[in-house]
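Consider the two complexes below, in which chain A is the common component and chain B and chain C are the respective partners.
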Partner chain A sequence: MAERKKPVDAVIIGYGWTGAIMAKALTDAGLSVVALERGPALDTSPDFEYPRIADELKYGVRGDLWQPLAKETVTVRHTVNDTAVPYRKYGSFILGNGVGGAGVHWNGMVWRVSPEDLRFRSHIEQRYGKAFIPKDMTIQDYPVTFAELEPHFDHFEKVCGVSGIAGNLRGHIRAGGNPFEGARGDEYPTPPLPEIYFGQLFDKATAELGYKSFPLPAANSSVAYTNPYGVRLGPCNMCGFCERFGCFLYSKASPQTTILPILADRKNLEVRTGAYVTKILRDKTRTMATGVRYIDENGSEVEQPADLVVLSAFQLHNVRLLLLSGIGTPYDPGSGKGVVGKNYAYQMSSGTAVYFNEDVEINPFIGAGAAGKRAIDEFNSDHYDHAELGFIGGSLILAGATGGRPIDQMMLPPDTPAWGTGWKAAVRKHYGHSAPIGTLGSVMSYRDRYLSLDPTYTDGHGLPLLRITFDWHDNETRMAAYTAAKIEEIVRAMKPEKQATALIRPGDHYDVRFYQSTHTTGGAIMGSNPGNSVVNRYSQSWDLPNLFVYGASAFPQNFGGAPTGLLAGLAYFSAAKIRDFYLKSPGPLVQA
Partner chain B sequence: MRQPSLFDRRRFLLGAAPAVTIAALGVSACAQRNGHTDPSTYSPTYFSAAEWVFINAAVGRLIPAEEGGPGGVQAGVPEFIDRQMELPYGHGAYFYMKGPFLPDSPATLGYQLRYSPREIYRLGIAAANLATQESQGKAFALLAPVDQDSFLERMEKGDVHFPSVPSLVFFGQLLGNCKEGYFADPLYGGNRGMLAWQWIGFPGARADFTDWMDQAGRIYPYGPVSISGVRA
Partner chain C sequence: MAGGALVALLASVAVSYVSDHRAGEKSLTVPAPTAAVIARGAYLARLGDCAACHSLPARPAFSGGLRMRTPIGAIYTTNITPDPSHGIGRFTLADFDRALRFGVAKGHTLYPAMPYTSYYNTTPEDVAALYAYFKYAVPAASVPNRPSDIMFPLSMRWPLTFWRWLFAPKPSPFAPMPGMTPEVAKGAYFAEGLGHCGECHTPRGIFLEVRAATVADGPAYLSGAVIENYFAASLRSDGPGTLGEWSADDVTQFLLTGGNTRGIAFGSMSDVITHSTQFMTSEDAVAMAKYLKTLGFPNAAAQAPFVYDATEHSALKNGDASKPGAMLYLDNCAACHRPDGMGYERVFPRLSGNPIVQAPNPLSVVSIVLEGSRTPRTGAAPAQFTMPGFAWRLSDQDVADLVNFVRTSWGNQASVTTVDAVTRTRSSVR
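What follows is the complex of A and B.
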């Protein structure tokens, strides 16, 4: 029999970004809260201390901060007729583990969606007509607007000390920022970090072509900064060990460096690490969640009763736990019925490697996840006319690497031998003199792309793994080809010695072997009614009104950019509604 | 018929390899022939003497000492690989290793074999030596460098038939670990003297560019430092 813990007001599943946001909000409101985290306790000291953290092999290649796949992974197949096989080694995406979640090893790119991204179906139908959207494309609007979320985006940026330049301040377009962004209520809390040299070359080339480049907003504070909670961040030194690493300098925003310090002493919060949640429990009528069941670090089953359940694990894990718990109707791609697992999407990444002469000193090791990099937004979202293009969506185009880690980030022209004297000469010639222009491209959702439980493979406890059914559609490969042509134009203006574009082309299959992006989305999407979604606009489950689900699992399709800004904004939006309405009168916040 | 277990196959492969005269293939002989001067007195923990000879020979071709820059053997890559085999990584602890294994799945779905890295080496080295023995009458390490290169090229393309681990997989494992050992922090036994970092101009674990991040376009003036605090 499972040990039964003393009931609490709220239990939080997953102690990453949205878990930390909700832990603060609920303990602020006086609730007793237990946060369950499957991984270990992690903090800047001792876990990310210099110099041990500056170890590419340990953290950048082996991935000691990532979820150990040996215990739990996902399976992947391309179509509904294929047999899925396990994602046995890391490649395509990287899962976080432990306190802070993926917010520890992320790139710190805090991106706001474009306003039209939040009402993408309506926007496209209005501009191009209903027939413009392919029949099998299952995109839908968010049930929440940019204006409603803006104060929450702003708050999260201030929590993180995001460095950047506002491009649209209360409707005024400002030089140096992103002119395509939605109207902001306020400036970024800290100014941008110095631009890397490749960023300067990119600026010059894009200016010649008439594009407006801007500093990529980065959750790397550029100055000593105190956030609204009184937590202090220090200036980033662009150490080059950002993405895939924990920050040793208290500069990159993570739950540890922004929110958790003020929660540490709260008497009404208990954090339990090594707690692997296996089920969200329901009452007999299956209309309310009653708590969760988990396996603790000793391998014992524990039940934690709670009046409110916050599901704030990573996107894939949120969907898996809903399916394992039998909450909601699993999506069926045959009939199109059901919602749990529906609309899985990803990020389309392509890019061009730029190789300069040896007198162009790129110093690739000077970098941070997003800081110092430059971007253009001309070819993202619906910022350009798609009428004649045969696709919808777009890409954020960004210049510069996150660092110059020599095992993983060595950029060599494709005609370089993979080994031998030719390889050795090439690493010397190109390492210090090459840089990438990359993309974060949108991926629409489709009837045949979804998440479900795998019928064969299990985790370390014998529970089914999550199965991803995903492959590229022509809409996305067309978009990538269009974007790549624009990038190549920019690169030609830089007059490098060589360039090489990596592009997913029509007919190419999704390839899990190569890192592309950890921006996996959907599966527990947000919508206007229980027939088209798992949660309502306040991230509240349509099935169980005392269950709230946070993360990129809510995205009905994926946009060009990065998910954390939006998923944090959605969590703060929900937290305000819970505080002001739900706690006074628990029940559905939107009538079905 | 009972499927031969990994152990049976391994014993078969190793046993079937014509008695490799370990003394004749000693590391010193190999190193001398390739012109390496290896100051290390490292003796392998995981690899057998015959395997160690193979590793040294292969690393010596994958990252050769010729034409400038540190060779892989000189940089300690063989030691790196041997030490990795004894770590959880070598045992496959970083990978999901539950069956069923469907090795005929599309390559785009990633690694689907049952073998850990150390098993890949054990099986791959035996198969490689068997293949060169059959085709050229010699273990790999005894081939002329040009023949070693062409054999490695055939493995790289998957053109050599190996009975268990495909030659392509073994080659990928070997080359991947070579580059890791060449460029990882010296604390793992490779990149000795931070020679590989000096070769490309990577400053290692410095991890502080406060003084250089606003000097775009100017070459970074400092040499590498290791996690242990050694400078080069």
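What follows is the complex of A and C.
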């Protein structure tokens, strides 16, 4: 018999970015809130202290801050006819664990979608005709516009102290910024960090080709900065330990460095770590959520009744918990019916390694997750004419590594021996003189790419794992080949000694052994009606009006960029609606 | 002989008994406990930081129990809630005043861990307001007091009476020094009195008596003192290692937020700011700052202003880490405090020109290097920054080299720290 806790106004599942955003919003409104986090409590001190955190083997390779896959993982297969096998060793993507979630180990890239990304199906149909979209491609519009989200993007950027240069300020295109971005209401809160040297080479080469490079927007604050909540961040010193690490310098935005300090003393908020939620509970009529059931750190079952349930775990975990709780109709790829698990998408990443001779000092150890890097947006989204190209979507192209870590970021030409004298000689020759240009490419959603519960494998508590059914489609490999050719052209303009492109080609299968991106999306998507989505424009479940679901699980397809800016914007948009309408009169915010 | 000693002892005890029972004002009037009076009392309780010693986390507020080490054994703070059996529920205003200002409660002299030696100047109105607050606004908590760990005969209280006679200032309501403006006088009243700055910042004599209770007692007042493993800085404006470079506005910002453009609080001052000074009205904080700025050299112009020296920064920038401690600084400190020693405002304190770094006694710097430090969390500055300790990775020689490097670089001028001093500090912080 589960222990039954005292009812609260709201329970939050997952205490990462969106969990923290909602914890603030709901406690601001005076609600009593319990936040449940499966992992441990984590904070800059003692968990990310200098110099212990700068340990690539411990954190970057063995993943001390990540979800232990031996307790719970996902299974992966390529097609509906395959048997999925568990993802037992980290490769393709990384799952966060503990307070702050993936917001602890991310790179800090805060990207806004292009306005057309939010109405992608309509946009493509209008520009190229309905027949341009392949039949099995299940992309759809977001039920919310860029203009509606803009103030919330802006707020999140101010919370994080994002450094950058506005390229489109209230419709005015400005030099030095991204001219393709949607109109911004305000400048970035902090100026960009100094460019890394490779960024300068990239600027020169892209300028020669007529592209407009800009600093990658970075939640790596460039100055000591106080955010709108009064929380101060330190300035980034470009130590090169963002991705896979917590930031010792208080400069990479994370829930810990931006929001949690003001929540620490709130009497109406309780955070319980080590709480593994297994089910969202419903009333007898199955029309309202009544709370959650979880397993606490001692292994005991606990029920936490609540009037409002916020599901703010990682994208994959959101979908799994909906499926485990029996909320909504699971997606069936055969009939195309059902919505939970529908439209799983990922990121298409490719890149070219650039090897200079020994006179070119790249100093790769000067780096940050996003700061100091440069990008171009010419070949992203629908910023260029696709009519003759035979694919839709595109890639953000970005220059520079996030650091010069010796294990994972040792860039050696493909013909280098894997060990021995030849390998050592290549390390000496190339370590300080090489750099990558990479992409974050869009991935469309398809009828046969989805998430479901695995029939074979279970977690440590005997509950089914989540199963990913995913492989590449030709639309994405064509897009990748097109952008890779553009990158190679840029690289040639840099006149390096050598270059090598890594690219997923037609016929290649999704390979989970190699890190590509943690930008997994979809499965609890947002849409205009219950037939095409799990949540409405306010992230509210169509099935249970007192359940709100946040994260990249809401994305109907993935775009070229990083998800955090959009998912935070959607959360703040929802939080404002909850505050102004839902709390006064609980019920569906959009009539089905 | 033994008989004579016994007689003397008994006489002492008797004198102590009589004195402890006669101490205090007899003619105090109890004001009506209006909301305004109680609010004033609550404010003064914050200012006096009563909670620092009488409230423990996860226990009822003001129910005592904090263990305080003394050379003769530990004592525990008492329950000052209005509980009739364990707290001060049966105290009259005169009893309360006697404890607060005279250091006498329930018929015996208090250990001077209770800073009645500072509170003595509190005005009758403020004593009454504090009394009203504790009597009517603090919830009673039935938490028994814990007896001290001090063994007989040292546990006898009568010698405290004589200590009190000899060293405690005579209780009398605050009177401003001639020439003080009303604002400075208000600052003096709080700093010398309820704020009890001198308990940590004024050096003590061999009987652990504070060597100066007020500005009138001379230049020892607030001139810096060892407290626990820190050197509580001089709050005077007497040149390097003191607050000379700080303006009144810097001091005000420090009191209200825990930091300013020049530094950030550490050690027990973090607690003082978190629990007490951040709640001061800005008028009172300004007054206290202006008062502190009156201490020190009579002529501020006589001070040589701090001058930044770029030598070390240029050397480090050019790859020259030959100065002893420079490489240790780059490896351990420069990531936050920067090679130029300037840090980042209100995040990582600047070391250049920092009075703590240049203090005559290096204890604070040594302790912070070994143990790390945590900035205060305040309403105005909710982000808390933590410096990790480096005891686990630096030898005593390393720490001495590092401390000497930061104390003599970027224009800093301070004496040399020995390896022995580091060794002693390391053994006491353990």
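General observations
Throughout what follows, the second predicted complex is superposed on the first by the 592 of 592 C-alpha atoms of A that agree within 3 Å, B and C clash if a C-alpha of one lies under 4 Å from a C-alpha of the other, contacts with A are read in each partner's own complex, and residues count from 1 in each chain.
In the analysis below, a residue touches a chain if its C-beta (ideal position, glycine included) is under 8 Å from a C-beta of that chain, and two chains touch if they have at least 3 such contacts.
Model, not experiment: these values are computed from the prediction.
In the superposition on chain A, A:R579 makes contact with neither chain B nor chain C.
In the superposition on chain A, no contact is made by A:K498 with either chain B or chain C. Using the contact criterion defined above for the overlaid structures, shared-chain residue A:P51 touches chain B and also reaches chain C.
Of the two partner chains placed by superposition, only chain B is touched by A:Y457; chain C is not.
Contact with chain B, but none with chain C, is seen for A:V512 once the two complexes are overlaid on the shared chain. Contacts of A:K279 after superposition on the shared chain: neither chain B nor chain C is touched. When the two structures are aligned on the shared chain, A:F241 is found in touch with chain B, with no touch to chain C. Contact with neither chain B nor chain C is seen for A:R127 once the two complexes are overlaid on the shared chain. Judged by the number of chain A residues each one touches, B leads among chain B and chain C. The interface of chain A with chain B overlaps its interface with chain C at residues 50-52, 235, 237, 239, 248. Interface of chain C with chain A (complex): residues 331-332, 335-336, 344-348, 374, 377, 379-386, 388, 393.
If you check the complex, the residues on chain B that touch chain A are 61-64, 66-69, 89, 92-98, 100, 102, 105-112, 149, 152, 156, 175, 178-180, 183-185, 187-188, 196-197, 199-210, 212-214, 216-220, 227, 229. Contact residues of chain A toward chain C in the complex are 44-46, 49-52, 224, 229-235, 237, 239, 248-250, 257, 261-262, 264.
Contact residues of chain A toward chain B in the complex are 50-57, 61-63, 68-70, 72-73, 76-78, 83, 85-91, 193-197, 199-200, 235, 237-241, 248, 360-361, 363, 365-366, 372, 404, 406-407, 410, 418-421, 423-425, 427-428, 431-432, 456-458, 509-513.
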